[in-house]
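Quick heads-up: structures coming right below.
The following pair of complexes shares a single chain, subunit A, combined with subunit B in the former and subunit C in the latter.
Now for the complex of A and B:
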């Protein structure tokens, strides 16, 4: 029996704690306002003989290092290296929510996306092509309604399958270096890539190459993600690189 | 012209976000980016906050934050 660590991430008020409770059967406090989960909380369930430990991260719009919540979420993803990230997306607010999804995808951790509050989205006449979305993100996308406990079994299935599929691949990080097939959003599973355009890529790609060629850095952090953060002049990312160099 | 100068019911397009640090970053994370269309929904009865509609969702921010977002009227 294995223990599979899964991080539950998502923007504030997207239903992370509701999904967390649905999967684990816990009675985590949930309120209808954002910011209820400030520290990470842990729960677990058994599925097909494996124990899955869920870590409920605080809701963040992004993964910069400006706020406490963002740092808690980001440090966990970077340093604890969960086997899978479960990204809870508010289906009624797809555009804003996908910004975090992109950042999670860029970190190179195997991703499962839960399109939550699908009932509300459908009630508003929104139609989401989950197959297409899954193809674009290179991640399994599952429709859920946390409040009505819908989609739980499918999520558990998706988490386990994503975990197993990743085990067959090399895993952490994206090795491909800007071949033509990778321009735009790559459709291959586990090799998601945003094309930031010529102007930025001319800085990003050499930086990414340098980082991935440094064995100490590339063993610890996904090069693409780190390159993007360094370009943003993220103070925490700069510190990470300095710390690795000193060690 | 800033987002704070636009009257409720009117629409505008973001030209620039002139805010540094955590506030500027947060607004950008929430979709306040150059080129984004924003509709001003209403002001709160006691001045702050002001409600906007952008990218299909509603958000309330402070007037002094809205002042940091440069826009053009549509």
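Now for the complex of A and C:
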């Protein structure tokens, strides 16, 4: 019996707590993140002989270090290194929600996307091609309706599969459908990246390389994420590098 | 290791280069590219079969966020919130209180029994702590309603609209639109409670606004501040009740806004603020399960954390107000007084009274407890049925005592008899009991005056006289620290009516003793009370929500300083200018208003809009 830690992320109002409740039922408890007043909800379920522990991250729009919630979410992903991140996305507000998805992806933890509130989206005449979305993001996408408890089993399946595949380092590789535009994005699972444009990428790539070549840093933090954060002049990221130096 | 420093330097240089070459910051480009990528992905994956331009949410928002209708609806919602949680919640506590009272009685029954005038220390202290905890637990129905309502507001999406509507005013004072709810709960309109108020600060995402709100919540008018207002207003401003209550409730908001602004310009200057992301989520119908779960979770968290800490803190405050206690010779003095009264009682009922033997020695104390219990039980019994069962219970507990408390009228074999001996004992005991209570009150008063807190109150008199407070008021105000309800209760025991005299209302007794008092004195006390430091449960909540003891201590001391400054300003200033109470009130109001408006005009920096 293994314990698989899964962080549940999502923007406010994405229906994160309903998905959380759907997956764990009554098996959950509330604590506080150490040193801060942000609530930390932990729940668990068993699936195919494995125990999956879900940790609810605070609902945030982004992963900067502006607010306590964002810092808490970020620190958890950085330091606790969950096996999988479950990103709850509001299907009716896909564009804005992807903003967080990209940042989660940059943190280098295998991602499962729950496309929530699909019924509402459909009711508004939206049709979302989940297969295509999965292909573009290089992550498994599952449609769910948290309020009606739909998609729970599929989600559990996706989480376990993502965990196993990552653990075995097989590399998923969604087959190319020969679509017209690939946005220059790789379709290998887990290797999706936002293209920050030529000018910035010409700085980011070498910086990322330098970071990944430093054994101490690369053992602790995802190089791509750190490179982006350093360019954003994020004080926390600078501190992290300095701390590595001191150790 | 130089490597990491090199990397940081490298990143720094590259960033500078980018800034000068592109004329924009990398973070702006990064945000922009993320949005563009999101847009592209949506373009590729989402097909809109039919465009629905105006969703239900848009329609609701047209009304709810309307320039004029919006604030009106908000007022209605705020009123409903306040009515349901505070007003109706208090009504529910009328049903839950007996449970807590029963718990207290149970604890009382297992503790060493009380004495005739001196209660065992263990009993006094334990009951003090139990009373303190019960006072906090009593708020639970209010919390449950409150948390449920907050969960509904959050889940439905209305909370975001509230923030939107109020942000326009609040942002000038370093607060956030979401600061409104905590302030309302704490008692913007006279009568709230800062505990749920501080707790509701959780929803504020902006660190600085959150801390500022937590710190000003206790300045609002909680229910426990009201009795002292009523007492003093009744004494000195009875002709202007409406005006002064309006003054009290609005001056607190005015001062609170100023405090928030000053804090965010000074102490909280370096606290991080979140860029204000104004997002209007789509309205959802909250689920019963979701709301219930969240509300029970939060209530449980409260009970768990507060109860454990409250116990310790109340114990400490209680000890500070009790120790060192009255001296040995004073104790002997009170014992003699008591014995003298008891002797007088036995002399009056006469040696031939058969009940004299029954009440001899320690039996008298036993009877005193029996009678207190009986009175209490009778008070609790409303119906005839209940009264009869109380009688049955007590007649079983002690048949002879029962005859006395029944004033000599009881039944033997179904016949009602009139026992004149018992009646006589009953009458005389009543007098004795009055003396007993007086002595108990005297002991209590002397204990408070001689206690650590009482000494502080006396030693402060040379300073507090500039605010118009004498040592009696000092002690009253200090005793309010554990819970503000205490202020009037303590004043009540300080300004007792002399024994034997007719009982007068507290206000009249105070007026009699403080003949030189003017409305200016009362105004200074009222203003000090409005700025009174939070009660202990609130302080613990501040600690919990701000995450640091430092802020809890700050929340204790700044109101004392502020309240003292205001009280001195009004009292000494008013006296120097020869103002009447009402004139001083108006002058201070205008002054505070000007300061607040002026502060609102100062621009605070870094209202960043990077993500806008």
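Going forward, the second predicted complex is superposed on the first by the 221 of 247 C-alpha atoms of A that agree within 3 Å, B and C clash if a C-alpha of one lies under 4 Å from a C-alpha of the other, contacts with A are read in each partner's own complex, and residues count from 1 in each chain.
Here is the rule we use: contacts are C-beta pairs under 8 Å (C-beta built on N, C-alpha and C of every residue); 3 or more make two chains touch, one makes a residue touch a chain.
Because the structure is a prediction, the values reported are computed rather than measured.
Undergrad: Touching A:61, do we find subunit B (first), subunit C (second), both, or neither?
TA: Once the two structures are laid over each other on A, A:61 reaches both partners.
Undergrad: Looking at the overlay, what does A:7 touch: subunit B (first), subunit C (second), both, or neither?
TA: Neither partner.
Undergrad: In the overlay, answer first, second, both or neither for which of subunit B and subunit C A:147 touches.
TA: second
Undergrad: Once the shared chain is lined up, is A:95 touching subunit B (first), subunit C (second), both, or neither of them?
TA: Both: A:95 reaches subunit B and subunit C.
Undergrad: Between subunit B (first) and subunit C (second), which does A:196 come into contact with in this model arrangement: first, second, both, or neither?
TA: It touches subunit C, and subunit B stays clear.
Undergrad: Of all the subunit A residues, which ones make contact with subunit B and with subunit C?
TA: Overlap of subunit B and subunit C footprints on subunit A: residues 61-62, 66-67, 92-96, 99.
Undergrad: Contact residues on subunit A for subunit C in the complex?
TA: So the residues of subunit A in touch with subunit C come to 12-13, 17-18, 21, 30, 35-37, 39, 61-62, 65-70, 92-96, 98-99, 102-103, 120, 124-130, 132-133, 136-137, 147, 179, 181, 183, 194-197, 199-200, 203, 207, 210-211, 214, 216-217, 227-228, 230-233, 238, 241-242, 244-245.
Undergrad: In the complex, go through subunit C and note every residue touching subunit A.
TA: The touching residues are 1, 3-5, 7-8, 10-11, 14-15, 17-18, 21-22, 25-27, 29-30, 33-35, 37-42, 44-52, 55, 157, 202, 205-207, 272-275, 277, 279, 281-282, 284, 287, 289-290, 293-294, 297, 300-301, 544-547, 611.
Undergrad: Mind pulling up the subunit B residues that touch subunit A in the complex?
TA: Counting only subunit B, the residues touching subunit A are 21-22, 25-26, 29-31, 55-57.
Undergrad: Can you list the subunit A residues touching subunit B in their complex?
TA: 61-62, 64, 66-67, 92-96, 99
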